[in-house]
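One structure below.
Per-chain residue numbering starts at 1, and chain names A, B, C, D, E and F are given in the order in which the chains are listed.
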Amino acid sequence: MENLLELLSQFLANTGYYMLDYRYLIMIGIGLIFVYLGIAKEYEPLLLVPIGFGILMGNIPVFKGLGLGIYEDNSVLHYLYMGVTSGVYPPLIFLGIGAMTDFSTMLARPLLMLLGAAAQMGIFLTFLGALALGFAPNEAASIGIIGGADGPTAIFLTAQLAPKLIGPIAVAAYSYMALVPVIQPPIMKLLTTRKERLIRMEEPREVAKKEKIIFPIAGFLLCCLLAPAALPLLGMLFFGNLLKECGVTERLAVAARNSVIDTVTILLGVTVGASTQADVFLTGQSVGIFVLGALSFGVATASGVIFAKIINLFIREKINPLLGAAGVSAVPDSARVVQHVGHQEDPTNFLLMHAMAPNVSGVIGSAIGAGILWSFMMK
Amino acid sequence: MENLLELLSQFLANTGYYMLDYRYLIMIGIGLIFVYLGIAKEYEPLLLVPIGFGILMGNIPVFKGLGLGIYEDNSVLHYLYMGVTSGVYPPLIFLGIGAMTDFSTMLARPLLMLLGAAAQMGIFLTFLGALALGFAPNEAASIGIIGGADGPTAIFLTAQLAPKLIGPIAVAAYSYMALVPVIQPPIMKLLTTRKERLIRMEEPREVAKKEKIIFPIAGFLLCCLLAPAALPLLGMLFFGNLLKECGVTERLAVAARNSVIDTVTILLGVTVGASTQADVFLTGQSVGIFVLGALSFGVATASGVIFAKIINLFIREKINPLLGAAGVSAVPDSARVVQHVGHQEDPTNFLLMHAMAPNVSGVIGSAIGAGILWSFMMK
Amino acid sequence: MENLLELLSQFLANTGYYMLDYRYLIMIGIGLIFVYLGIAKEYEPLLLVPIGFGILMGNIPVFKGLGLGIYEDNSVLHYLYMGVTSGVYPPLIFLGIGAMTDFSTMLARPLLMLLGAAAQMGIFLTFLGALALGFAPNEAASIGIIGGADGPTAIFLTAQLAPKLIGPIAVAAYSYMALVPVIQPPIMKLLTTRKERLIRMEEPREVAKKEKIIFPIAGFLLCCLLAPAALPLLGMLFFGNLLKECGVTERLAVAARNSVIDTVTILLGVTVGASTQADVFLTGQSVGIFVLGALSFGVATASGVIFAKIINLFIREKINPLLGAAGVSAVPDSARVVQHVGHQEDPTNFLLMHAMAPNVSGVIGSAIGAGILWSFMMK
Amino acid sequence: MTGLEAIAAYNGWNIAIVGISIVFTGLTVLALTIAQLHKILNFLENRGKVKQKQEKDMPVDTAGIILPEGIQESARHFKLLIDYMGQPFSLPRLLEFAEKCGLNRPHSALNDLILSGAIEPDGKGYYLWNKKYPINL
Amino acid sequence: MTGLEAIAAYNGWNIAIVGISIVFTGLTVLALTIAQLHKILNFLENRGKVKQKQEKDMPVDTAGIILPEGIQESARHFKLLIDYMGQPFSLPRLLEFAEKCGLNRPHSALNDLILSGAIEPDGKGYYLWNKKYPINL
Amino acid sequence: MTGLEAIAAYNGWNIAIVGISIVFTGLTVLALTIAQLHKILNFLENRGKVKQKQEKDMPVDTAGIILPEGIQESARHFKLLIDYMGQPFSLPRLLEFAEKCGLNRPHSALNDLILSGAIEPDGKGYYLWNKKYPINL
């Protein structure tokens, strides 16, 4: 009987209820907020719901030794997390993104690609800011990439350079991507005049099938010869796009943009979420990362808009500078924001399709940026 | 020429025909029976067919050294089997089950969940029985979980506690799950009166969408804080269910309940089957496991039914005690058996939907049970 | 400022443009040819496009140390390539092939299976040729299997016996499979008279569902007891076919022939392509492999046709000897070639369905051949 | 060691008792929570319904505005897609869909629909189908 | 080492001869087995057919009973699902399907169909569609 | 180390400048390439169009040959499948499809279509639907 009580009390001492402290409660709260934003607000639900639930899973306090926690060698979460730490998941997601992305509008008006380049200023300024806050260079580079506004790219680079920061960086990146409709509009309005916001864009020309087929091949060669370290991400992105466009590998493209990307999204989301175990996540560093992350989105938006205005100084048919904000990628949310802000000024101005051009070029731009930072950090 | 004959005889000595002995023949016979039951009788075909064919694959006698057998380090079967030994496959199956399970009837009448708890008596009594038969505690725990009537749970726990027994325990668990329509009815009839079997259940109330969304989150937190070791299984189960119910992650839920679960079912089935290599499988232990397994299903059924009768002593609107038998999980077979037995007494009594409540709560119950046993064994 | 230029020049020195030499350019050219043949000519696009793009990805010159190249331990490509080196991808592809292959015509006229055996002469004669050219026995066996005209089988055996040759052997195998419509017709016409080519085949009898179900089980046992080393490939092939035919595991068969095979095809194609890194690929050995590969396809075709003529000496209802060419497998291209050549002589002679019989038995034959070579090499 | 002796030696009785108790505790707590959840949600919803009812009482201005002929056809197509995607929907996703389905000039067709008011922003960056335009599919 | 010398040294001739012989043996044995299999199944089936024929000779009591009006509609829906799933089918799977397809009150509709006898148990825990109720879809 | 000092110490300014320059270079080069690509393809296509036009000017011999009644039905079925697969298509794939879709005796039906000329070889091992047989689906 004594034995029975002992066993029971021993069991109770190992329950989550007993081991719960304020840090886990904070993290569970954050997880619930993510899930709430994803479901009720429909902010990037495909990412916020898995990450949010992953945060819950990672923050049930568990006793060490059984192999339950994501940082224990033989746990299921650890095995699934290997896809993150090895860098395999993000390229597979890029494969799927490639197989679902239509680059037509970008091909129709290549000038708009430069907006996708300009928005990457956010990456490098944030990198400087992180250095200034005292982060080590590899950490600073990983934090900078939040400004790329591209989840898989951020996770990929961080896994290579500063694996310990995957949790906070991923959470920061996805938080701000979800908050794009909140962060961007004021900056866009501040930096543009009403007249600029009313600029109408010409209907894009039709793009030939051959162009669409040649683009992923040429794009791959040009980008990866310039920045070989972007190969895992861009290689898969362009490969997926070739599968989509070439017309003879439809079943592979279907697999890439359905079962592959969806399965990997589930596994990446839940394990990245679970990697935010309270003792690893709730540090001063994380606070710094969140501050810098907000900054980076702001800088990226501003850079895109200002660069559009600079271009306008040189060309006759003006670009609507709101389009610059779409260069931060966060596909397709920032393009949607552009449409929305333009729509507020003039309900008949339809900017969405045009915004897709800087939007998808922003994805390429941030992957190149990640490649550059990676290669600089390994010297 | 001499050389030629030598080579030929050497080859012949390495064929399966030459190495075949009675043990392999027995196992091949068992494999054929599994395949037959699955195809001709449609008993759990999605499991019996892969396991049965896996038994065939694992019992072609092979020469050591090439890397053909599942227990050789570099064989294909070994690599695929890692998903079993690492414990990764069962949670992925639970993800898919979560994404296809509708908990409505359970949410409509939570009282019926207790039947799913009661049926877990089978687990712990079988554990005692296995100890009494001389099994070591970790083995006894794995054998006990057969009484949970839940394949992935049994495989998961056995992989953690007694990996050598995966083959016999999985085969026993799935055999009895397939035989549920044979095992349960006599016990159910023995323990109930005709009057009890005629009890009609009220139509369940309609369950709101919000309830369905909140349930997996609340259920996850409550269960895993109580029994953290159930996290890999229940975390994925509730996560999958959230993906299904929340309405904004439909494509992830589709992936989970189609390509993920189907692929893993194939790989788990065939490798678990192959793990029954004759020399590992045909032991006295396996006989003990089969005897205890039959026992555990009987005990579980009886516990569920008796507990329903006990509840009836305290409530006014009586529960049909047949529903207790559905608590052993074996989704959805035991629920079907309840419907069938009830139908025999009164063809207009439709118990199926009601039986789904203890049925799915039995899944949760046995995952908790597995978590508890696991944590007790690791002390 | 000095520092800036230094950094820039250092970066430039690490770009692909700078490191590019003629070898990479040759390989990039080969990759482009593969992609072109796949897309514009529709030669085996599901394989040539991924392999071609993989060749591009593997031949962007990268600096060592970051983990970019497929032969670096921690690169993404390396992790994905593990499915090739471990031998896991080919059996999974065979699982899918099994789940999509209809063996009816073969079951209806088992005699035609022997043509699939005869065409495997190509394997063993090429093996002798490779030995004569000075290849080591394990390499010679891998080269011989090119004559099996079956990509996954060739990759599987090479991964086991001579992993360094995976690139050239896979590229050779798929090149010649794509060129089947060019290689086979002249040989077929040379070895047959017009009268022979005009022979009409009887409509095959209808095959019962039960036969189709029993075939994969019986076929598996017979073949794998004879040549246990064929187990990983044939086991999965017959397993997939059982899932397809048994009628009660349709959802597993769907998964096998869709998400599983398509995903693995993508990963296998791109990594096998990338394994052709210029410094590994452009060797004298590769030239030898290509010469022998062409030879092997020729020999295989001729063997099939001649053997059909030999059979005709003994039976009354003559076989159209063109069918012998379909025995090299290369499903379904060589069957199509048979139809095409027959059609040229007599537009109303419809040989396609008949050609499927030697075609699919050729797959079984070359898997057995691979198993035999494997077991002989490990002595 | 076998029999009762083995059970006792390995603390079997206690494990079994504690084990089944915890299973019961877990599912009981869950059952109680669910029962409460239902009541709480019901309470909240009833409050909500009162509000909704008040809103419902306001007259709906006109049921069934007729779309200009030229875009009737494309309206029908887009409505189909929207029903499939669920509401509110995002414009880019709708366009992607439309293109995949091979609709004619989806960009300008959609523009027309927005101009005519058949598709309305929901104020949060998403869009809704204006219910005044009932499309019979 | 190259040429015939290499072939001889590595036992090449023998490997090739034994190899191709085994491939032939394997496929020949398989071919023979298939041929026999066909005959055996034919034999068994013929015996089966005799029995079946006897059964067929028994008069079918009535062809085409008419279902009560109220459930005609849902009967048609369920028949569609059943045809898709194949027979015999399991009730839970059918219900799951029905719910997914958004059928109206699948639970009680199914109950009606069972009561009316349109869906019958096959005695082994599964159910069949009663062929006396021909539904034109 | 923090602040400007840290940035300088880790060569931050240079990394940032070189970094953003390369991103710009990359996307600019890509943009220029795309613009050129468009022009080159246009040029090639215009040459192609001239040829095509000449071909188009040739009279099409007869529009709409009528198929023998017996195979009208199966022609319609096969045309559906072919439209789905795209042209030119491979016969084995078509047969596989046809079988999966449960067409009646696909083998001989296809044979009829080839005999009647509704399906024609394209000379490279693939097949095309003869456009003279317009099938209204």
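Please note the rule applied: contacts are C-beta pairs under 8 Å (C-beta built on N, C-alpha and C of every residue); 3 or more make two chains touch, one makes a residue touch a chain.
This one's a predicted model, so the numbers in the text were calculated from it and none came from an experiment.
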item	value
Mutual neighbours - chains that touch subunit B and subunit D alike	A
Neighbouring chains shared between subunit E and subunit F, ordered by label	C
Far-end chain from subunit D, centres as C-alpha averages	C
Degree value of the rotation bringing subunit A onto subunit B, based on Cα positions, nearest 5	120
Whole-Å gap between the CA centroids of subunit C and subunit E	33
Whole-Å gap between the CA centroids of subunit D and subunit F	37
Distance from the mean Cα position of subunit F to that of subunit B, given in whole angstrom	47
Subunit B and subunit C: spacing of chain centres that average the CA atoms, whole Å	39
Multi-partner residues of subunit C (at least 2 other chains)	7, 11, 42, 226-227, 247, 258-259, 372, 376
Set of subunit D residues in contact with two or more other chains	13, 15, 18, 22
Pairwise chain contacts under the document criterion	A-B, A-C, A-D, A-F, B-C, B-D, B-E, C-E, C-F
In the complex, subunit D residues that touch subunit B	1-4, 6-7, 10, 12-13, 15-16, 18-20, 22-35, 37-38, 41, 45, 86
Residues of subunit D that touch subunit A when the two form their complex	11, 13-15, 17-18, 21-22, 88, 90-93, 95-96, 99, 107-108, 110-111, 114-115, 121, 124-126
Residue ranges of subunit C touching subunit A (in the complex, touch as defined)	7, 10-11, 14-17, 20, 28, 32, 35, 38-39, 42, 45-46, 49-50, 53, 56-57, 60-63, 65-68, 74-77, 79-80, 258-259, 262-263, 265-266, 270
Residues of subunit C defined as touching subunit F within the complex	3-4, 7-8, 11, 41-42, 100, 102, 181, 203, 332, 335-337, 339-340, 343, 347-348, 350, 352-353, 356
Of all residues in subunit B, those that touch subunit A in their complex	86-88, 91, 95, 160, 213, 217, 220-221, 224-229, 231-232, 235, 238-239, 242-243, 246-249, 251-252, 254-256, 258-260, 372, 374-376, 378-379
